[in-house]
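Below, chain A partners chain B and then partners chain C, in two separate complexes.
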Partner chain A sequence: MIRKLDVPMELGEGVEVRVLAWHKQEGDAIAEGEALVEWETDKAIVLVTAKQGGFLRKLFAREGDWLKVGEVSAFFADSLDEPVPDDRGAAAQGLIANFETT
Partner chain B sequence: MPRLFFREALARALAEELDRDPRIILMGQDIGAHGGSYGETRGLFARFGKERVRDTPVAEAATIGLAAGAAAAGLRPMAFITYLDFLMLGLDPLVNYAAKLRFKSAGQLTAPVVVKTTTGAKGQGPTHAQCIEPWLMSVPGLTVVAPSTAGDAYGLLKTALRAEGPVVYVDHKELFPKGGEVPAEETLIPFGQAALRRSGRHVTIVSHSFMSLLTVDAAALLSKEGIEAEVLDLRSLWPIDWAALGESVKRTGHVLFVEEGQPVCGVGAELGFGLRERGVDAKMARLGAVRAPVAASQALESFVIPDAARIAAAARTLLEGRKEVPT
Partner chain C sequence: MSGVAFATRDELVAQLVAQCWPHEALAGDVSGARANAERTVERLESRGVSFTADARGTGRIDLYAANLALKARKGAPCDPAWPAWQETIRRNLRALEQGPHHVTFTLRREWHLLPQDSPRSLVLRLPLPLEARERPADLSVRLLQSAGALLSQTRADGRVELRLAPEAARAPVIAEVTFSCVAGDTAQALDDAAPLASVNEWIEEPDRLWLAEKEGRIARSTRLDAVAAELTRECEAVAHTRGSSATTIDFARAAWARIFARFVFGDLHHAALGSAAPLEVLWDAPVVDCTLGASLLIALCRARGIPARLVSGYLLTPGLPSRHSWAEVLIAPGRWAPMDVNCWDPAGGDLLDPYGATFFGRVDARLTCEIAPRQFTGWGSARAPAAWVKLLEMQEGGLTQTIRDAHTHAVATREWAHVTLRGPQR
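After this line comes the complex of A and B, so read on.
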């Protein structure tokens, strides 16, 4: 199954984030509890950790890129050979993740 | 063009100006080691030191009084007032001293002071959300500017720090969570120049600060119905860009003034009458907050202040020739 990581609405309406650092690269396996990416908002750092396993398959926002609330930053899949859509807007379930703000 | 958070655009403007002119000092609550209420002075205390980046107590009248006096004595201070509501406490030194000094001294003294403050509603309730920009517009000698983008904030703040008279620079709480393009090279934005945010031929919609962003959203809604709205962002509330307003309104024949604050004696009231005095004949309407304080409850806050749907509805009403008396 393809899963997407987008900027959650809980960060607030109209919020934008800047991608600070990816802890995983395309093709990397991810495990529950592992750090995926850090984002910067105008007030805080958001550490995104996976709450399920899989593989990071496609990045849409690299370090220094900006994302709006609702925008997809990456696609994940259960395996490395499952076809991943090129279209960032393709329908997909959300990756189960934890967003820790400091 | 680099994309920066709003606070980063401000910090960059401040750092460049502090570097350029040793007479510039910053004064305000939490602007030192804390880095500002919005993070807009982050890094400046460490770089420029406590003499030039000065924390002040919760005493707005004293802060602006000291800033105005220091300005008269030759410095170029900038006073940070966290919310525009709190500027009420500092209006005496600002209006009676700083804004009058050039007139009272026959031009021998000036008060090149900048008051930076933040307007608008974002969940803080009735005494932390008021848009009293029109009070300031009415004071002879005061310049009032209010950007809606990070790039304009950068350029207007730099111009403010080089201006001769007192300037009130107003940003908006809703602008801080957003990023915006800021020119890589040093850029100043002159006072008195509105920005065209969208071209259209049916109606001109004039607003400032955060309402400009909502007005652009409203124009997109109207466009789906075949109504092409022209959106002007004032940027300067005083001086006013009468030339740009007049040209647009003459062409569209319809003008809607949008502001977040009270429309009574508001920005729109002044602009509408000012256009009439300048021979611009058009159908006019205004939209602002309902006549009630801004509540802390999100539902009631949304009820009180305009949003994109209400701006679009007001434009439709105007174009259909209906009359709607504000509540």
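After this line comes the complex of A and C, so read on.
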């Protein structure tokens, strides 16, 4: 199954985040509890950790890129050979993740 | 939040020295400066701005209310400390008005971090000037105190980032940045501003970022839209009498005049404004600080369709290099004009005073470290208290600014800034 990581509404209306650092790269296996990416705003850093396993298959945002609420930054899949759409707007379930703000 | 008593008597005296008699203190007359401040506190008390005992019996006062009690519009009766405060600001302005200077700037920042939910590396930042404005040279960064190892140090435009091991959260972290640059007066010609009526036609796509209806405190509202419509009518009428069309600078000037007339420039508790429509709440308050005054000017410009943005950095006043925010307004394609309502203080709120428009279209020597919303130093892993207060104190020939939790008095951050003028750029 393909899953997407997008910027959740809970970060606030109108909030944009900047990708500060990816902790995983395309093709990497992801285990539950592992850090995926750090986002930042002027007020805080948001550490995104996976709450389910899989593989990071496609990145749509590089470090330094800005993302709006709802914008997809990556696709994940259960395996490395499952076809992944090129269109970040393609339908997909959300990756179950934890967003820890400091 | 009004009436939050957070400053001790010593802290109030120290801040009054920094605001009103810093040059006396810098010249060596510390006891004279303190005596002036002590007498000011006595006068405040006699006027009912008093100390209340906290749970430990320590007398505390609302420093913001105390400051406000000193200020007055030009011509109105005022405390003797207010003319001294104004003269300090004017003297600082005169010291910097000779054009670009070579400066050396040092900032020592201290972070008091909260325990983390889970161990993770910490990201802490020190400011640098944005390179499109001032190019820092001779950069030196030192980690002076940390309970956790330095994992990496990264320089980017507008900041140095230190990544520290999780143990760093156990105790205050202190780091320092020093650099040299050229900074100085930036005057803008304001006579070629673009027509107001066609503003939507000449804005380039990237500049639409600075038309956002909601950006932190800068939030559009029905009332601000109505004020913007009123200001548009005002400046169109004025332009008509001179036989021309209103321009962006006419609108900005009308908004500037409205802010000058409606507000006193001072400190206020941001938490009292809430987060839903802070400027709507502010409109009924009597006070704006630098950030909120700039935010209001920006919100009014945006409501009229003129891109405007919040800029932050440091005033490069020798002995008093403080953090500051101001606005920039897009008055014509590619032409951003700085505007800083801070000159309310030296002008006593009088637009016709020689200082009334000092920072309309020009600003003095300052570092530009942030242009919201996308260029910022950022709090990183440090966390601002929900309700905070700011205290100033002169130390070691520089200025210390402490951000404390308004209720617990716990220090969140403290920073000491020092600037040396090396002489004019030739």
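The criterion applied here is as follows: the second predicted complex is superposed on the first by the 102 of 102 C-alpha atoms of A that agree within 3 Å, B and C clash if a C-alpha of one lies under 4 Å from a C-alpha of the other, contacts with A are read in each partner's own complex, and residues count from 1 in each chain.
Everything that follows uses one rule, which is that a contact is a pair of C-beta atoms (placed from the backbone, for glycine too) under 8 Å apart; a residue touches a chain by one contact, two chains touch by 3 or more.
Note that the coordinates shown come from a computational prediction; the quantities given were computed from them, not determined experimentally.
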item: First, second, both or neither for A:R18, with chain B first and chain C second; value: both
item: First, second, both or neither for A:K43, with chain B first and chain C second; value: both
item: Touched partner set for A:E100, first chain B, second chain C, both or neither; value: second
item: Per-residue contact with chain A, leading partner among chain C and chain B; value: C
item: Contact residues of chain A, present in both the chain B and the chain C interface; value: 14, 16, 18, 41-43, 66
item: Touching residues on chain A, where the partner in the complex is chain B; value: 12, 14-16, 18, 41-43, 66
item: Residues of chain B that touch chain A when the two form their complex; value: 3, 5-7, 38-39, 174, 176-179
item: In the complex with chain A, residue positions of chain C that touch it; value: 116-118, 120, 123, 212-216, 370, 372-374, 376, 378-381, 383-384
item: Chain C-touching residues of chain A, taken from the complex the two chains share; value: 13-14, 16, 18, 20, 35, 38, 40-45, 47, 66, 100, 102
